[in-house]
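Letters A, B, C and D mark the chains in the order given here, with residues in each chain numbered from 1 onward.
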């Protein structure tokens, strides 16, 4: 297994008395990973540690196998989109991205070519000419992401990249993040808007009180919460009540309630099993199943359960 | 008997009158914030000290005057005649010295009046309320203005009152005239300070820079102007507000009563040439402050 | 009387035409104000508040003409601005109380009302701390409390949920729903998160380049079921698409990595999808008729997407 | 242990990147309002002093080299890092594969070049009226004093929360008075060495005759050493400490 792009071993970080991170052990490989957690849980601090902006008090941090704070050359492989809405405001978008790309070891001509290609990719081909001071919040976010990916880094850290962007920019940037992940880069995205994280990736890291609360695939993580069975809503044509009683026969199904004459709700501890069993049963009984949804199998419910339980 | 009731805690409408004039809470907030700063308390103590000193000085003079006025010692009266003048001297000195110390207090309290609001983006909060630009301006001026009123205008009145109270009968008639010029000049000083600090706060970016600029500006101007006047540039004298105030005070107090001795204020640096010009200069300072305030509010807020 | 009546309102700032002949009448308990950056949302709010007089046109808010009586309008309107605006040096409680006093309330009434509002927005012990020490979430709560303290009839919230973590966002959206259902003020919510609007609002005003693209109830905006189905598997499974094509259905990638938008051949029903899934041994954990999410409707409403 | 391919960096990348960073920020500094305001101020002072007071030669050199240039380097050098922290733009530079010390050095020099523009020209003009060998000596003194004070004040900007005030106190309370004290003590101040390099008169105080003026080359060496030391120390410090950008 190749070395992970990002790794943190027993990392703790304090800002004076304030605890930011407490004994974090984490390895992140290629693809898009969502970094979630309430405000003040230490998400930004972890990003800054991986970017070599901060030093861990305990444990060590590795970016592509090296210490990003002290070993400067490894930051060649890093693209960072910081959280703050800060720029060299007097520059135009193109100049800003080009200047920073030069710092990554590109000649003037190379940097200009890469900047043009990247600005096109983030949708700033025209508006990128404007001075950053006059740009809308959506354009500023696109500029910030452009400077993070112009030098084609294998690791991209995006700290709340969508804050303040309007719906059009959000849709474009989500598609861009998915594409970056598919190119095999390790993309770590922190965001508070869960349904947008779901649209980007299936893999999340969840931090709470400075500790690693959960990590892995959203679906499997949700499955691990035994004390929170899945609710599944079914729209059924034909005799719902009879079909409902049959459902009780399925393994893992705990309760079946009749919401209306054509709608049923069941709770089960294994959604995967229900996803196989229920349609088979429906077919056996000649019942048409026009809706099979589980409202609390999504990331928002996972987040809510993980936050409510200590 | 108790009825069984369950009340929701959620949102509830608010009835009742809304009588308060919006300027008033703005002024009160300025004091509340000012009072939290240690520097305010210290500078207020200084003001109180200055008032105490002048009070003692005034009372002791008048008691001595009263004692010497009796019987055989009448001959000494003429020598002590300057004591009457010295009552004017006390008031004039008080207004000038307190002008500086009050400048400290008002700088600490009111330097952030407009500057902090602008830096924190608070204009949107103020002007999404039902208040007009005039309310805001008057509120800030009221908040800043009542400080010099408390430390300059009112104490001058108190000093004048004690002077009238203690003065021997003969002198009392002369002192009655003194009320209007004394309190008037104090009010003029108060107005200059208020308009000055509020104007500067409207122009400035950070309250700390405004505060230092105001205090340093006053000291620098009076120092530089004194130097320039000594080296022959008479006209520069009008640039320093403190010097203008002193001229107006001396002029007013002299006009107060014609029988006063000519060398009224021995040892005090003399004022500018013509008191009228000084008055004009002070008026210009006040106008400049108010203009800066209006310009800033018009620029930041397009509210009706 | 309608909440808002705008007839032919336009406003120009130098080169940009912020509002371009906007005419609409809106009613409802909670209205979503949507539009890309620079669509004129904030200008519209400022015009409603009488903070900015429009060049032309008539603005009536709650039946009051905002040009004639701006202060009266602002007395009955609450506004939680977007920026980090706060009153420097004050605690949360003092800020809200001062906001009340600025509307004419006596000090003691304002203080009691401030406590009520801070309870409503869920700012407990921290209300006594200075506002400078607040997190973004707490700032947002104070701003909402300041907008409600003088009991307005209409509250304008400008991007109240930006920067909030999921927990605080939930609480704020629940509060908006509570206001909508309760006897309290109506709400105009200007935001970029269409998800929040879907959850709290019943009507929507979509703007772009200073013009109204759509004004009316959300239901009218979302076309009925289009015969397409959204299907999601537990894990991203390209094999499902092949199985579906084998069964004659069309499958296009959906909003999420593990989602598909399936178009069935005419006359077929979803059992075909179940059969395809069973044949490929892939468990489908989500199947539902696809209704245009507000996002598709929004993107459809604003034709050119440059922003 | 194979790593995802880390794209190659050209050899000696940090110094070359630092050179680019210097040019980039120098262009920005020269466009800043603050620079033009100071330029205006210097021109006005220069005109007033030359015109009314009729200051020439040594006196003019003394005023500019020993009074105005230190003040200018104070205002320009202390703000280098604070500005990046306050504007929160430090992240962009520090997340690049360039040594932090190099970036710091580039920013400090980019801040001092405008000071040189404002300081060297008047010094040269003063020099022309103060004797044959004066112009090169005045220029050398100005340049060295700018580098030395620049290094000191930039270092101060890293260490202290209020560098401008402390720098002002250092200038007014330590450098100016102590430079006039006779005996060895004066040598602890940069001003004495600058005066020695420029060959300026030892100052107006009554006992100025008693001042032992260190040899010019020794002073030049001292100034250069101070500059080098403070630059190196600043670079060493900045690559050791982390900087939290104000939220």
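Heads up, the rule we're going with is that contacts are C-beta pairs under 8 Å (C-beta built on N, C-alpha and C of every residue); 3 or more make two chains touch, one makes a residue touch a chain.
Note that the coordinates shown come from a computational prediction; the quantities given were computed from them, not determined experimentally.
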| item | value |
| --- | --- |
| Each chain counted as touching chain A and chain C at once | none |
| Contact-graph distance - origin chain A, target chain D | 1 |
| Chain nearest the overall C-alpha centroid of the shown protein atoms | C |
| Inter-chain centre distance, chain C versus chain D - centres from mean C-alpha coordinates, in Å | 53 |
| Chain centre separation (chain A, chain B; CA means) in Å | 61 |
| Where chain B and chain D are represented by their mean Cα positions, the distance between them in whole Å | 44 |
| Multi-chain contact sites of chain B, meaning residues that touch two or more partners | none |
| Multi-chain contact residues (two or more partners), chain C | none |
| Chain A, residues touching no fewer than two other chains | none |
| Overall pattern in which the protein chains touch one another (line/ring/star/complete/other) | line |
| Touching pairs - complete list by chain label | A-C, A-D, B-C |
| Of chain A, residues touching chain D in the complex | 2-3, 5, 15, 30, 51-55, 64-65, 69-70, 72-78, 80, 82, 84, 86-88, 90-91, 99-100, 102-105, 147, 151-154, 184, 186 |
| Touching residues on chain A, where the partner in the complex is chain C | 37-40, 126-127, 136-139, 163-171, 178, 192-195, 198-199, 201-202, 217, 219, 271-272, 275-276, 279-280, 282-283, 288-294, 297, 300, 303-304, 307 |
| For the chain C and chain A complex, residues of the former touching the latter | 34-38, 135-137, 159, 162-170, 192-195, 234-236, 255-258, 269-271, 274-275, 277-278, 283-289, 295, 298-299, 302, 305-307 |
| Complex contact set, residues of chain B against chain C | 9-14, 16-22, 24-26, 29, 32-33, 36, 112, 116-117, 119-132, 301-304 |
| Residue numbers on chain D that touch chain A, as the complex places them | 1-7, 9-10, 13-14, 17, 20-21, 24, 28, 31, 87-89, 91-100, 239, 242-245 |
